[in-house]
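Next come two complexes, and both contain chain A; in the first it sits with chain B, in the second with chain C.
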Partner chain A sequence: MAEEILKVENLARHFTLGKKQVLKAVDGVSFSIKRGETLGLVGESGCGKSTLGRTVIGLYPPTAGKITFDGIDVGGKKTSAQRDELSRRMQMIFQDPYTSLNPRMKVLDIIAEGIDNHHLAANRAERTRMVVELLRSVGLDEEHANRYPHEFSGGQRQRVGIARALSVNPDFIIADEPISALDVSIQAQVVNLLKSLQKKRNLTYLFIAHDLSMVKYISDRIGVMYLGNLVELADSDELFAHPLHPYTQALLSAIPLPDPRAERGRSRIVLEGSVSSPINLPDCCRFCSRCQSKGKECEKGIPPLVEVRPGHFVACCHVV
Partner chain B sequence: MNKLLEVRNMSVSIHTDGGVIQAVRGVSFDLREGETLAIVGESGSGKSITNKAIMGLLPVGGRIDSGEVILNGRDIAHCTEKQMREIRGAEISMIFQDPLTSLNPTMTVGKQISEMLLLHKPQMTKEQRYNRALELLDMVGIPNPKERCAQYPHQFSGGMRQRVMISIALACEPRILIADEPTTALDVTIQAQILDLMKALQKKTNTSIILVTHNLGVVSSVADRVLVMYGGRFAETGELDEVFYDMKHPYTQGLLNSIPNLQLQDQALYSIPGTPPDLINPPHGCPFAARCEHCMRVCQKFQPPEFTFSETHKASCWLYDERAKGGAQNG
Partner chain C sequence: MQEKITQDMFVPVRSDAHKQEYIARKHHSAFHDGWIRLRKNKAAVVCAVLIVVITVMSIIVPYTSPYAYYETDYKHKMNAPSSEHIFGTDLFGRDQWTRVWYGTRISLLIGLAAALINLVIGVFYGAISAIAGGKVDAVMQRIIEVLVGIPSLIIVILFMMVLPPGVGTIVAAMAVTGWVNMARLVRAQILKLKNQEFVLAAQLLGTSRWKTILRHLIPNTISVIVIQVMFAIPSAIFTEAFLSFIGVGLAEPKASLGVLINNGYKALRSAPFLLIYPAIAIVLIMVCFSIVGDGLRDAFDPRMKR
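Right after this comes the complex of A and B.
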């Protein structure tokens, strides 16, 4: 069994909205990721998956709970050496390749920013050589180094974003919806790139997305989030074959398959209503307002994440 | 079946500071009564511009260079703005991708629905319009229509806003509804609700729908026929099953293969190399030639003609020419 590279325990991230309103974006989430593994994180907009990713990498301080990355407490007090180590070993790829690259910087400088900060290149020539190597590894050319972001297409920009993340030789990459803004034929290119880089560099991914079929393809394990809680966590094949939480079941049945024959024979669980507001949530199962198998026990507090089968965790009162 | 709308050989160009974008080049299709036609393509394939041209809503600098759009035996491609205004909403309606920016934030939802009725059915009284608005909100599945009617768009969730858009579009019972990526901005569970609603309403009102999307899953769950566009041209068209199970054009094949199958995991995902063509200087031949693995010399020089496989199934690719039979195998 590979060692755990990241451990998240009871993590919470709340935002105060003035007065007495609290937005509980992430509320008590625990999981761990092993070295070389890809954990997919899915859920609808507003379920806290992006906030979780940003808290894990240290962009937001956690309200409660603990994040441990290879022995370092991400949310706690760190020495400057530890801070340096974290910012080198954990990197992030953002959703929107149009706004996450500085329009006034050349691609060369965008990618080299991390190299400069961590003094990874001895001189200018080496810096350029490193950037060119990175560009090639993400499928771009040397000549692209001197261009500005607006000269690239969406898929190419996302490649620049990936090259920037790789520039400091990280172990762990958080990809926050890296393919949502891209066209279908380009999505496959980027996903293949991420997968081959993972093999070559032994990377660990936290892959956040809402497109379940892509997540299944890239992830070893998948976590499903609903309103700040992790409701189900399992191996990706297991999750798709035997979804246990009513929300996961509805989510899986709601994806339209690109296969007309299968679509005709399918019965769909259509959820009523929409996700309730994450502000001032009641202290009960977060899904109970939309759940079809809701009972009295659901109002007795947030159900804990329980291992019902080896490696398959569910947070639901009805699944034991 | 009756042809409601016929687009014949339509070309659209958009004049910008950077040059003339030839967004749509010679596209033809027709729409029959009560059916759903899905137009599929990537960004820049011309799918949205085709529909905006039909509606007379081209962006500044855009114009229809040639071709006809025939609605009820009348060419509407060259109508004046005043004539178009009578058609829009009454005969063809449109719903857009982003329901928040396409609703007026300063008007109540009820008023926005009535506005449509006021324009096209001036004989209705205020009370009749109000009642019709309530009826429409109820029809699209919005609970408490009386209360909701007096609310503003920001008080609605994304899925509810899209329902409001649909109710406005259907207010005057148009025969054609153009839905431009109606579910792209919505979550999967909400998407399922809206698709179900559109299917149910179509059954009830027998409206024909043109659905513009890039999501092939959505296509397979609602469409009857499919039109695949690439680089401003038509690539393939056919019945749903023909396009999904017997696709002829290499672009359609690539597109369908690049979606991960829920079964396979270890093989690398098929991906189409390269990027879509630049439409300011579109390639002379087939727009897909630069990315096609079966590309022949003829593909780069001449636009492929239409090849017919069945009454409904057509593709535009040189591979199906008699003379290409030997060459295609040799690569």
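Right after this comes the complex of A and C.
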């Protein structure tokens, strides 16, 4: 088994909104990612997926808990050499290709930003050569280097964003809903590109998305989030075959099936009500307001993530 | 006649991955795009040309004219326009043609100087306020609100009372409160940009704070700044004209358009030409700057259009 590259323990990220209001975007999440693996993270809008990604990479300081990346404490005090190493080895692909590229800069300079910051190129010619190589590796062309972002399509821009993330030769990439702003035909192209890059460069991904079938396609393991908590974590085949948490079951039942006969027989678990507000949450199971099989024990507190089968973790009082 | 469709009539279309990425559009920078849009706006182009003509004339005429703006000639007082004095002469027999262009020059100078000072103070203040954020931002915004709360006319008139009258005093007086709009606009723009994903990406790539400001934040604020400057110039010219008109502006024999209009207004019945020409000049300048400003906004910031 490969070593763990990233370890997240009891991570919490709270936002203070007013004097007494606290928004618990991420609350007590623990997981780890092995080198070369893809961990998919799913959950509905506002469940804290993006906040989790941004906290893990160090854009937000964590409220509590510990993030360790290859021995470096991301959330704590870092020396400037450690900061340098982190920004070289951990990168992010953003959600919206229309705001993730500076409209006043040429693609050449956008991609070369990391190369410049870390002095990876000896001279201008080498810098240009590196950028052209990166462009080619994401399926773009040399002639695109001198154009501005507004001249590209959404899929092309997203690939420029990927090239920028790859420019510093990272080994861990957080993809924050990289395909949700793209057309379906382009989604496959980008996901396949990410997969082939992973193979070529031995990358580790944290893939955040809300499209379950896409996540299943790219991930080795999948984590399901609900209101800032990780409710289920398992190998992707295992999760799809034996979903244990009622929320995961409801999510999976919502996937349409391509076979019309099977689709006719598909029964959907429709969740009642809506997500409770993440502000001033009660101290009980986060899902209990919508859970169909809730009982008294659900109000006792947040159920811990327990390993019920090898590699299959779930946080629900009923399953344990 | 019906034709039979056979298999061999179809040829598979091979798609070339390389061709799919081809961009047919000619290569333009964002600035060039705006320039193309601006050129299509005929009114803005005409006004821009007029501004250039007026500026050049205001520089050249006072030098080439046979009369100086302060040169009196009591034998030819209040003369109507003639071949000798194109715009006539004023109460002291001074050549109105020379004085109108000289006044235009002073007015433009004041407008430009005031707008530039607004630019420098406003951009720095707004940018620092937005980037620092938190308590610093709150305090800086309260200071702006206090400044907005004091009627600017009172500040300006106080300045004119205390300091010796002159171009410098007027500019200084207008600069005290004039920069707040620029500061607010720049702050709003930078606040909007600060949390955009490309700024986060720069942070992740290890770009330093200063480099982020210079490479990502300021370049994306420039169109807002330029447009605001284009609106600040006519407003400064107008404020100066107003001050001169109520009598706290420039002192004789110096002339600005406001001073000329004030003098002409006194002689409205006997010599209407003394009022008409400087009034036309100031209207032209104001309208031209406004239309060019509008055109620039539409061209470089198309989202704000209507």
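Here is the rule we go by: the second predicted complex is superposed on the first by the 318 of 320 C-alpha atoms of A that agree within 3 Å, B and C clash if a C-alpha of one lies under 4 Å from a C-alpha of the other, contacts with A are read in each partner's own complex, and residues count from 1 in each chain.
Basically, a contact is a pair of C-beta atoms (placed from the backbone, for glycine too) under 8 Å apart; a residue touches a chain by one contact, two chains touch by 3 or more.
Quick caveat, the model's predicted, so the values are computed rather than measured.
Taken together through their common chain A, the two structures put chain B and chain C in a clash. Once the two complexes are overlaid on the shared chain, A:156 sits against chain B and chain C alike.
Within the superposed three-chain model, A:95 lies in touch with chain C and out of touch with chain B [touch as defined at top]. By the touch criterion stated above, A:251 is placed in contact with chain B alone, chain C being left untouched.
Using the contact criterion defined above for the overlaid structures, shared-chain residue A:103 touches chain C, although it does not reach chain B.
Touch criterion met: A:183 reaches chain B, while chain C stays clear of it.
Using the contact criterion defined above for the overlaid structures, shared-chain residue A:192 touches chain B, although it does not reach chain C. In the superposition on chain A, the residues of chain A touched by chain B in one structure and by chain C in the other are 156. Residues of chain A that touch chain C in their complex: 54, 57-59, 83-84, 87-88, 90-92, 94-96, 99-105, 113-114, 117-118, 139-141, 144, 146-148, 150-152, 156, 161, 164, 167-168. Interface of chain C with chain A (complex): residues 17-18, 21-23, 25, 27-30, 33, 196-198, 200-208, 215-216, 219-220.
Listing the residues of chain A that touch chain B in their complex gives 44-45, 153-156, 183-189, 191-192, 195-196, 210, 212-214, 216-217, 236-237, 240, 250-251, 253-261, 263, 268, 270-271, 274-275. Residues of chain B touching chain A in their complex: 42-43, 157-160, 187-193, 195-196, 214-221, 240-241, 244-245, 254-256, 258-260, 262, 264-265, 268-273, 275-276.
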